[in-house]
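One chain, subunit A, links the two complexes that follow: it is found with subunit B in the first and with subunit C in the second.
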Partner chain A sequence: MVELILFYAFAALIIFSAVLLVTARNVFHGALYLASTLFGVAAIFALSGSFFLAGIQVLIYIGAVVVLLIFVINLTRQIAGSSAAQVNEAVVPALITSLLTITLIVLAVLKTDWATRIGKSVAQTEAMDNTAVIGTQLLTNFAIPFEVVSVLLLAALIGAIAIVSRDKEAGK
Partner chain B sequence: MNFLNAMPGEIALAGIIVALLLLDFIIKENKAVIGWTFTVLMAALMVYVAAFKTEATLLNGAYVSDGLSWISQVMILLAASLTGLLSVQSVKTGKKFTGAYYILLACSTLGLMFLVSSKELITLYIGLELATVSLYALAAIYKTDDSSTEAGIKYLILGAISSAILLFGISLIYGITRTTYIDGVMAYTSQSPVGPIFVIALIMTLLGAGFKLSMVPMHLWTPDVYQGAPTPVTAFISVASKAAGFIFAIRLFSYMFVRLDYIWVPLLSIIALLTMTVGNLMAIPQKNVKRLLAYSTISQAGYILVGFVGASVIGISSVIFYLLAYTVTNIAAFAVVTAFSKATGSDNLDDYAGLAQKEPLLALLFMLSLLSLAGIPPLAGFVGKFYLFYSAMQKGYVWLVVAAALNSTISLYYYLLILKQMYIFDRKKEFPKIKIDFSVKIVLIFTMIVIFIMGIFPGPVLDLTTDIAQSLFFK
Partner chain C sequence: MAYGTFLVFLGFAVVMVIGGVVVNYLLMPYHPGAEKRTTYECGLDPIGEAQVRYSLRFYVFALMYVVFAVEAAFLLPWAVVYRTMSGFMPLTEALIFIFILVLGLAFAWEKGELKWD
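Now for the complex of A and B:
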């Protein structure tokens, strides 16, 4: 029962801060709402027994990504204090489309019998240590994506440097 | 199973990326060496992969080397080496970033190679991301050029949204079937009835994959990115990335969701019709050659989708055949655009006026590649289109084939507009004599030979693609 109440509380936190995130006029506030959204997600992970994922979510997303974002905002001139409108003329069609999509997904989710499906997999994994399972899976069945992700990070790094860094020769 | 035996191409390419990194560090002055190294290594790897076909299954079926992955890897490496040839003498990134350009191109190629061989949704997704993230950076590599920056940002934002949709779809599929293996999902769909949530998941994966194919309604990024990105990168996006996207779609739809074809075939037939029609109608008023070719590739994606609607084995076979034909043809068209814009600094259609008087050879090559895109015999595009439409006829989609044939006629109109500029109009501006670089010459000669061979003697290639399509279903 307590778990259920906590789940709904954190779900409400996620939705609430996600809405504020996209509507916030100040970029800095937006970054803080992002942190609270990600914290809610971490809490949901913890509630469903994935403590490793919850820890990673806090460490990487809140600890690294959001902090980095706040640094970038503070180091960039003019955007920390300014407030920009977050809506444009397409807001009404966008709202209609999102509402229709949400309705469709919610209706479909309600029609699906999740209890038996999820019950089965929880019963299977509860006997094992969640973190150990993740580790084993990453190095056996998911070894290829695990390795390819490192190339992905390399490519992202090179790409970011190539785009951002200044070309002295071009200026001459 | 030994990894080195099962995936030699991928491991070699990962080694090539490291070698290029070191080379960029060592060579300070003559950076063109990196481009040539990239091109030669890609071509060598292509020959190796083509010659030594491996059959293997790794990690309980998460990763396979089968006929489909073999031919698509050859296609991707071919596109990569041709893109390298187009880039060597025409991409001006400045000395500092030449290395980054080819390394990113190699990373993207590696991602595409993983994408075409995976049979597990997470591996597929990671391969897709590796390929696309490198392309975001490549599209924006001309930092001082506003349209290149715009291309990068548009590609990044729309790409991120479409990956989010794809990921949502994949996680729904995992939630329902409790497996991410394509074979597992296929087994699930043949045993249990699927609910509405599964249909939503299917549509989401279709949209996510559709971004790569520039399928309507996920096509909006195409014209801006094609126009802004450096021309060789545009060629790579339009050919390699799109071909891999179609292989991804074959694995997902023609294989994983094959039992659900009563859901996606009608849907895809309507999308195919929309994609062809939107691409063709929007192409007509374009004044920029790269933009026009962008809309033309959208409509080409529509024709290829017709093959998905068609009967399974012959449909897949026709899709692979058309992808081969389309790869060489589109690279040829972009090679001409590269040569022209390097000499004149312009991509404007009006500036092509009178090209035939001054550069008869270049105009002739452009004409041949455009006619092949339009599907005029005896060029490769004709056989490809014929076969695609034939496969849809087999399944009784007469209305779609009629619409596709009408669309081909519309497309002929704007291809002929370019020809009219080149052959009938007089020059308006004087441009310097266009010198076709040695590297671009190789591309043009090679692609023209393939276009004619595939157009006149399609038999052996068709046998090959049919074998591959059959081996997908009947082991």
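Now for the complex of A and C:
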């Protein structure tokens, strides 16, 4: 019962902030609504018992991605200060694209076999603390993917630095 | 699972924040003046606008922060189970994981991205 109340409260928060996000005339306000939307998603994760995912959602998406977005907005004065209309004349193409995207997502969700290897091994354990289960899996069965993630992050870091420093040299 | 406690906690948190603002609004005297309306900047007169453009340097730091936040996300479950595991394998795996990312930090350092110039 309490879970149900909390679920609908946070679902309402997500929809409310998401609508404000796309209708906000100021892009900076939009970024703040995005943080609110992502927080609602984190709360839904926590209500489903995925406390690890909820923590990661706050840490990565609100802590890092939204902060990065706000930095990008503040790099450009014109965007931060001004307010722009969020609708233009391309309503019909936008509607068609949105409907097709929704269809694609719903079909993908319905057709995907969610019982993957790691999903099964986490579901099999009775423990509530799935952070510990994920940790154990990362260190035993998934040790190599764990290290490969590090290489992937290294590639992302070097790529970002390379792009930024090339821009800096071009600007000199 | 005791979500009831959480609901009560959430309710009190909302009441604390909104109640504080509302009570403040009801009790406050309202005598605005030109001096009072200026931005508070530690007692000094504010200089320039508040909405300034950030330096592009911050963008590099923010990008690097995203990468290291993801690294922290992967080290979190490792830290949770570290005490329950035996042997040097968990430590070695985490050290390799961190070492590979430190290479990226060294690359940034070598490129001079950590300097403020």
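Criterion: the second predicted complex is superposed on the first by the 123 of 172 C-alpha atoms of A that agree within 3 Å, B and C clash if a C-alpha of one lies under 4 Å from a C-alpha of the other, contacts with A are read in each partner's own complex, and residues count from 1 in each chain.
Simple rule for what comes next: a residue touches a chain if its C-beta (ideal position, glycine included) is under 8 Å from a C-beta of that chain, and two chains touch if they have at least 3 such contacts.
This one's a predicted model, so the numbers in the text were calculated from it and none came from an experiment.
Peer 1: Let me test your reading of the model: by the given contact rule, A:Ala64 touches which partner, first (subunit B), second (subunit C), both or neither?
Peer 2: Second partner only, subunit C.
Peer 1: Have a look at where A:Ala132 lands relative to subunit B and subunit C in the superposition and call it first, second, both or neither.
Peer 2: In the superposition, A:Ala132 contacts subunit C only.
Peer 1: Going by the contact rule set out at the top, does A:Glu3 touch subunit B (first), subunit C (second), both, or neither?
Peer 2: second
Peer 1: For A:Pro145, is the partner it touches subunit B (first), subunit C (second), both, or none of the two (neither)?
Peer 2: In the superposition, A:Pro145 contacts subunit B only.
Peer 1: Using the touch definition from the top, say if A:Ala90 reaches subunit B (first), subunit C (second), both or neither.
Peer 2: neither
Peer 1: Can A:Lys111 be said to touch subunit B (first), subunit C (second), both, or neither?
Peer 2: first
Peer 1: Check whether subunit B or subunit C contacts more residues of subunit A in the superposed model.
Peer 2: C
Peer 1: Of all the subunit A residues, which ones make contact with subunit B and with subunit C?
Peer 2: Residues common to the subunit A contacts of subunit C and of subunit B are 143, 149, 151, 154, 156, 158, 160-161, 165, listed in rising order.
Peer 1: Which of the residues in subunit A come into contact with subunit C in the complex?
Peer 2: 2-3, 5-6, 47, 49, 52, 55-56, 59-60, 63-65, 67-68, 71-72, 74-77, 80-81, 128-129, 131-132, 134-136, 138-139, 143, 146-147, 149-151, 153-154, 156-158, 160-161, 164-165
Peer 1: Taking the complex as given, what residues does subunit C use to touch subunit A?
Peer 2: 1, 3-4, 6-7, 10, 51-54, 56, 58-60, 62-67, 69-74, 76-82, 84-85, 89-90, 93, 96-98, 100-101, 103-105, 107-108, 111-113
Peer 1: Touching residues of subunit B toward subunit A in the complex: what are they?
Peer 2: Touch residues, subunit B against subunit A: 14, 17, 58-60, 62-63, 94-97, 100-101, 103-104, 107-108, 110-111, 114, 118, 120, 122-123, 125-127, 129-130, 133-134, 136-138, 140-141, 143-144, 152, 175-176, 178, 195-197, 199-200.
Peer 1: Would you tell me which residues of subunit A are touching subunit B in their complex?
Peer 2: Checking each residue of subunit A against subunit B gives 104-105, 107-109, 111-112, 114, 117-118, 120-121, 140-145, 148-149, 151-152, 154-156, 158-163, 165, 167-170.
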